[in-house]
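In order of appearance the chains are A, B, C and D, and numbering begins at 1 in each one.
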Amino acid sequence: MDFNKISFRVRYAETDQMGVVYHGNYAQYLEMGRVEWLRQFGVSYKSMEENGVMLPVIFMRMNFKKSAVYDDLLSVHTKLKKMPSVKIEFEFEIFNEQDELLVEAEVALAFMDMKTNRPIKCPDYVLEAISAK
Amino acid sequence: MDFNKISFRVRYAETDQMGVVYHGNYAQYLEMGRVEWLRQFGVSYKSMEENGVMLPVIFMRMNFKKSAVYDDLLSVHTKLKKMPSVKIEFEFEIFNEQDELLVEAEVALAFMDMKTNRPIKCPDYVLEAISAK
Amino acid sequence: MDFNKISFRVRYAETDQMGVVYHGNYAQYLEMGRVEWLRQFGVSYKSMEENGVMLPVIFMRMNFKKSAVYDDLLSVHTKLKKMPSVKIEFEFEIFNEQDELLVEAEVALAFMDMKTNRPIKCPDYVLEAISAK
Amino acid sequence: MDFNKISFRVRYAETDQMGVVYHGNYAQYLEMGRVEWLRQFGVSYKSMEENGVMLPVIFMRMNFKKSAVYDDLLSVHTKLKKMPSVKIEFEFEIFNEQDELLVEAEVALAFMDMKTNRPIKCPDYVLEAISAK
C-alpha cells in the first residue's frame, strides 16, 4: 500500500487574488491522485462508471499547511487507507518542488450501483487488482 | 427581444492572481444569463434536458474591455440575436455597479436530440413561448 | 450566534458527469456563506484585505449526505463556532429547496498580516462588530 | 512559428452533466498551451509577471466541433499568429487521442505595465527569445 505519485503544474486559473492556489481547487488535485492510483493497478475509473459503478465522495478533509503558487510543479502522493469495502478511503499529501508539505488530506468515496442508485460493495475485480500487486 | 438582466456578486474563487476575475469564468456568467433569459418565458433549461433536448455551445466569443474585481455586483444583459432555428444565438453585455461595460460577448448553441445525438430544430413549445411575449 | 442564510441556484458548470454538483465546488458555496455572514455585521471581507488582513483557509471538512443537482435552489446556513482569536471557525449546513440536508461542513481560517505574511489576532473592529449584534 | 503541443488528461471536475467537458473550461487548456509555448523559448510567464508585466486576455473566440470526454488524453496545439507588438495573438487547435479536432480557437492578450496599469509594447527580451529560434 505504497504512495502513488503524480506531478503537474499549477494553472493560472487555479490561483486567486491572494496569489496562491484557491483552497477549493485542491479537490481536483486529490481526484487526479486517486484516479492515477487506480490506473497503476489496471483499473480505469472511467470503465468502472461505464460498467455501472460510480464513486461519489462522501467525506473530504484538508489541512492546509503552506500555499502553492502559480506554475509550481506539485506532487500528489496518494495512499489507500485500508482495503475497500462499501467505501474506499484515501490519504493524500501534496508537495511542491522544494519538497515542502502543502496539504495533508483524506477522502472517502462510496461504491454505488448507478442503476439502483444504492450502495454496493467494492467490485471483486477491483479488490483482486489491488491485492495482486 | 429586450435584454434580460441578472445580478450577482463575484466570488473569491473566481479571481486570479492578477486580482481580477479569470477570463474563463465569464463563460459561467453568460450561461446564467441565458438560463434566466429562458426562464422569463416559462422555459426551464433543466426540463428541456429532461425531455431529451440539450443545447451544447458551438461558438463563443468574448471581448474583454475592463476587469471585474472580487465582490463586484455584476449584471449580465442577455439578448436573443434572432429567432432560433437549429441553433440559438445570444448577445451579452456584462456591467459592474458603476455601469461600466466589462465584457461584450456572443454565444451560439445547437439544439440536439439526446437519444440520437443529432441536431434538431428548436422545439415548438420554445418558439411559442418566446413569440408569445 | 445564529445561522445566517444565503440562497442561489446551482450553475450548469458546477455539475459533473454524475449529474450532480462536483464535490469540490461546495468550497465556493461555503466561501459565499461566510462572506455574507460577515457582511451582516457590516464587515466587508474585501475591505479587510484592502486594509492588509487576509484570511487563508487552514482547515476544511465536508460530509456529503445527498447530492445537489443542476438548477437546485440551495441555501447555505453559516454559523460561527466560537469568538475568533488568531483563527475564525465556521460551521455550515447546505440544504436544497425540499429542506433536505445535503452537506455538513466546517472551515477554519487564519488571520494574516499581508505585509509581514505572519499570523495576527482577529482585528478589534471585527470583534466589536460581531459582539455588537 | 510552428505549433507547440502539450498533452494532458481531462479531469472529472471538468465535465458537466452532458457528460462532456464544460465549454468554459477550454479557456484553461488554451492558457496552458500558450504558457508552454512561451516556455519553449525560455520565457516564463511567471517571471514576466514578477518583472512587472502582465498579459490580460482581451479577446477569446472558440469554435466547438466535437466534445471531449472524461479521461480523454487531449493535445493543445498553440501557434503564434504574428510577431507581438502591444498585444500577442495565438491560434489553437485541440485534439483528442483519435486525432479528431475538437476545438479551434483564437486568443489575444495585451502587454500591461503592472505599476502604471497601462498598455506597453512586448518586452524586447521576449521578442528576441521568440525570434532566436
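Convention: a contact is a pair of C-beta atoms (placed from the backbone, for glycine too) under 8 Å apart; a residue touches a chain by one contact, two chains touch by 3 or more.
Treat the numbers as computed from the prediction; the structure is a model and nothing was measured.
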By Cα centroid distance, the chain farthest from chain B is A
Can you check which chain pair, A-D or B-D, has more C-beta pairs in contact? B-D
For chain A and chain B, what's the span in angstrom between their mean Cα positions? 33
Starting from the mean Cα coordinates of chain B and chain D, work out the distance between those two points in Å. 24
How many angstrom lie between the CA centroids of chain A and chain D, rounded to a whole number? 27
Shared-interface residues of chain C (touching two or more other chains) are 12-13, 17-18, 20, 22, 24-25, 27-28, 31, 70
Listed in rising order, chain D residues that touch chain C in their complex are 12-13, 15-20, 22, 24-25, 70
What part of chain C is in contact with chain A in the complex they form? 17-18, 20, 22-28, 31, 49, 54, 56-64, 67
So in the complex, the part of chain B that touches chain C is made up of which residues? 8-9, 11-13, 27-28, 31-32, 35, 44-46, 70-71
